[in-house]
């Protein structure tokens, strides 16, 4: 026998999944939403996404000084997610600075993939909102023009449905579900997002507790405190679920593995916390939308949640506290 | 009037404050020794633990109480020892700042492996796993526990699978030596002179020569040739007493596997890589 | 029956089809056997008086024993002359004292090997003594001496005996074949256990990927009113003691406790057969069924192999290893032990010999944990493998202990699912060793 | 009542003392390394800050103002805080050794915690009533504790991270604080005084 | 190491090697709190420097008269006195700056740098050396504030010499859209964090302990 044996501690077989395959699955899951964005907002949305993804990968490769710019795919995911929470046609420099902040202060400063505390894409968005709020707050949102791929969408702008009651009543639930409303590039189409999330769920990459808790609380709080202006309490709750970034946030941002709790109970707490803070900001804050801040805040308390939700081991007895 | 008020107010507050402190002083009979602070100031503050105490502050307390020696701080070297001794009015003991030395030249090209290890990248773990993947059960496993232990960035894992010490950066704290599960790294007094047997294997000659091209085979050629009787065999390994060594170099000439080197001529990483290139060219 | 499932677990590729249909064939006795003196959990054995180099021993003759309670004697598996007594490679990785016997090819049984008599006439104490003397240990792989499990302290009432026919380890089919070929012996062995324990019920748990075995076993238990067969979902580690007991009896073994704390004793099907042949024929445990399989084996097989046969000889019978074999494992791929070479004996716990080629073995650099929590989902004992492993990596063993590291039974599910390819199981193992060391002090 | 509740909410979340107002940064950076010490420090701060604000408010409104000595504010406040910390230390040691074990070691750090001084000064500057001042102190100290404890949780995780060594320690802690501060901006405008 | 006079060392120590902000991480509150504009940052730095020099001087003069048990309260009183003076001076002559610095002016009194230098240096060393130390540390502090404020003002407002519109110079023209983040608290933390990393990197590169 010439070749030496490989010897390792058991187990000796491993699943074929890798970090890269997980990230590719996330990219696949984002495809419906990306496609929908192009269909709704035209070529400018595509350009925004390309700038964001390419910059993200380049910045990460430069920081880590490596040639393989796709690598584990996490930078591409961050780049695409960041594009999803931008307006469809922001200035190019805004995208570049935002996504570079996302990669550097959102991720690499903490030691790169696996160690970041906050969702990088949302850090990028928070930086952009705070720096150039003029592009993201107010009546600055492009009206979608379905299938007009070459249209200049920046011509007509409006507020998002969350801008006020008037804007809210101007959109139907169907349009909210399909995504034919003004808003961030990737957040408008609930349909596309659900399709993508179904893929992630099928592949076992997301746990329903987080989106369940998040969306559930948004619905309940929307129904109770929303004022029922949208044709009754329950439909107002539904409106809050479908409008704005709740779907994108709950299905893709709050389920980001690195920055959320690992325990089952912790995931539920995380989702509920996101829902509560989102609705607090929407209902009582000065900002129209609170998903970004809600998730970032819950990211911050994730280590604490993890510490307090260590599950009972098999056959273990709860110690009387 | 205002001035009187001001003086009165401050005076009253001052009085109260003094009172509190008077009480406090009573309760704090065991105040910290100012000398502890002074000693702490002189320490490098790396909290490396090389002195055997939990940190610089802890060491400072121990020095002042007489528990530890003034030259206990290894990274600080002579300068620190002198300063502390000055503070405490003590004599400086002789302290030669040591340097970490790697006692193995069996790089990955001159030794063989029993199997390919796949698992936790840690020397201790790998070494405990079926006795280590190296045929030589005393040789360097190359996972760099020493590198991880060094606080001063003074030790690197070379491409040839052996640690490389940057003697200029090495402070002689000995953390790497403690971290090595196979005690391949030893702390020696600084210097270029004197010869060393760069092997760590206590195996019998036969199994050493099977495992490594350059291991000490315990042939005793060096022991016989040494005019100063500075070399002794310790459990199948030749050991040179640096204090007795007169730098004649006869042992190095006689050593059949060429394990003995003068301290300033220890084989380098570059030499090892060149050797590897030569070897692969030969076999090709 | 048997719809219960345990939490966690994984679904690896099983590859059982390689050998599932191959009947067990008896391997020709080798010319030399090397019998290690440690083949069970517990105190190692010492050679008996008179057992020394040059002495002739007969097949089935007891050659080593220990005075410890948790221990099982060791018997010669061939008749022949003792060539050497001394350290020899062992599947556990470190050389262990072993007795090397050169076979004379006679296969002459020791005169003490004779039937124990009718089961009705034997008392539970008799049974335990017979089983101990026969050196029977758990044949599932853990090699816990069987008689110890049949001797519960008097205050613990045992009512349930669970027989493990799950064989959840991928590749292995030894138990599967035993169930197909020796159903009656299994039932008899189970009855012996029930009698020895004074238990009431027996249940045989079989994963539903072995439909033929379920059918055969169900036929075999048809006449028995206190013995049932449980159909189990196919999921690793279904055959782990705690999981098996949960799904067959609905009882939960308490953390840090033993099955007998909840009135259950659990044995492997192979153990049951070994007990049967001891009671019926007096034969001690000197051979076992071994599955030889994997992509690196030229002619896979289920073999009845004598304890002490060298793996290299077993492999020769199976056509040797393929060129590109990269990994050799004794036991299954999830919990078995990787071996650096083939110069090791088959022992009582060797349920399989697995050889994997390049295509099944890949060494992946591990990358940082992405906290995907797949290990948390997979852990059958509901631990947080990633947190424990991280604690172990940073020498925070106190923290690891708080995270219940000691409850881990090293099934390997966490390492299997980890997309970052972190050696979680190995790290937890290190933590367990360190915790045990600290607690001993 | 409504104003009190507003004060509580605002100074815990909206105008968080550490994250939005930059008070008490040194202890925030110093003792957030471990959860245990962070909790101890938090309790000590809540305790001292409340008492200190109470005393300084009384001193200011009943001595300094009537006698027209407001220019002695800084000197008196710092003296009060410094002596109060010592007093608390002494009293604690005497009446509750267990509490002293938990809080006592943090007391020296509090003297130079500018958050304590800041609360005392701001309570006076914003012309709060006595009750409002005390509630303000409690809210501010809880806000400080919240930031400290969240940071401790994060830093315990960062301890295990493999970041570039130039970023280790304070640098990454500051960046984290920055992102935390960003996240807390979500509460902006939720209530106003 | 080159032999330099202790006086020179006292002066330069605080500027780079033992910079109170970047190395010792002291006085973080004003560092973050008032550095939105260069003018404010430098104003703060100078105010603190003045207190530092004065208190170092006085404490060094009185070092043999202050009983060690009550030295800390004495130091605090001395420092508080100078802070009060500075506050009055600022209020009188620089009302705009005084308003901008707000509560951070009285908070100079709890700035660890000042008490720290008093305790660690001035209370043990002669007057001249203490004076030099105070000047050095003050320059180091001011320099750090200046650098941070410059980064924040240039990125966050696109100006220097703001916020006064009369003196403010727009570096990048009127169309520049500044990264307003850096004008906000969050930006202060992030900018200082990244600056610290850069300083660490430089120190490592040039082998300064």
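Note that the chains take the letters A, B, C, D and E in the order they are written out, and that residue 1 is the start of every chain.
Definition applied: a residue touches a chain if its C-beta (ideal position, glycine included) is under 8 Å from a C-beta of that chain, and two chains touch if they have at least 3 such contacts.
Please read all numbers here as calculations on a predicted model, not as lab measurements.
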Number of steps on the shortest touching-chain route linking chain A and chain C: 1
Greatest separation from chain C - chain, by CA centre: E
By count of C-beta pairs in contact, the leading pair of chains: A-C
Rounded Å distance, chain A centre to chain B centre (Cα mean): 49
Inter-chain centre distance, chain B versus chain E - centres from mean C-alpha coordinates, in Å: 40
Whole-Å separation of chain centres (CA-atom averages), chain B against chain D: 44
Centroid distance [mean C-alpha coordinates] between chain E and chain C, Å: 71
Multi-chain contact residues (two or more partners), chain D: 72, 75, 79, 82-83, 160, 162, 164, 167, 171-172, 175-176, 178-179, 182, 185
Junction residues of chain E - those touching two or more other chains: 73, 77, 181, 184, 186-187, 190, 193-194, 197
Residues of chain A engaged with two or more neighbouring chains: 4-9, 105, 109, 111-112, 114-115, 127, 130
Contacting residues of chain A [partner chain B, same complex]: 4-9
Residues of chain C defined as touching chain A within the complex: 7, 10, 12-13, 170, 242, 252-255, 257, 321, 323-329, 333-342, 354, 356, 360-364, 367-374, 376-377, 380-384, 386-387, 402-404, 407, 410, 412-413, 415-421, 423, 425-426, 429
Residues of chain B defined as touching chain D within the complex: 2, 5-6, 9-10, 13-14, 16-17, 20-21, 23-24, 27
Residue ranges of chain B touching chain C (in the complex, touch as defined): 114-116, 118-120, 125, 129-131
List of chain D residues in touch with chain C within their complex: 159-160, 162
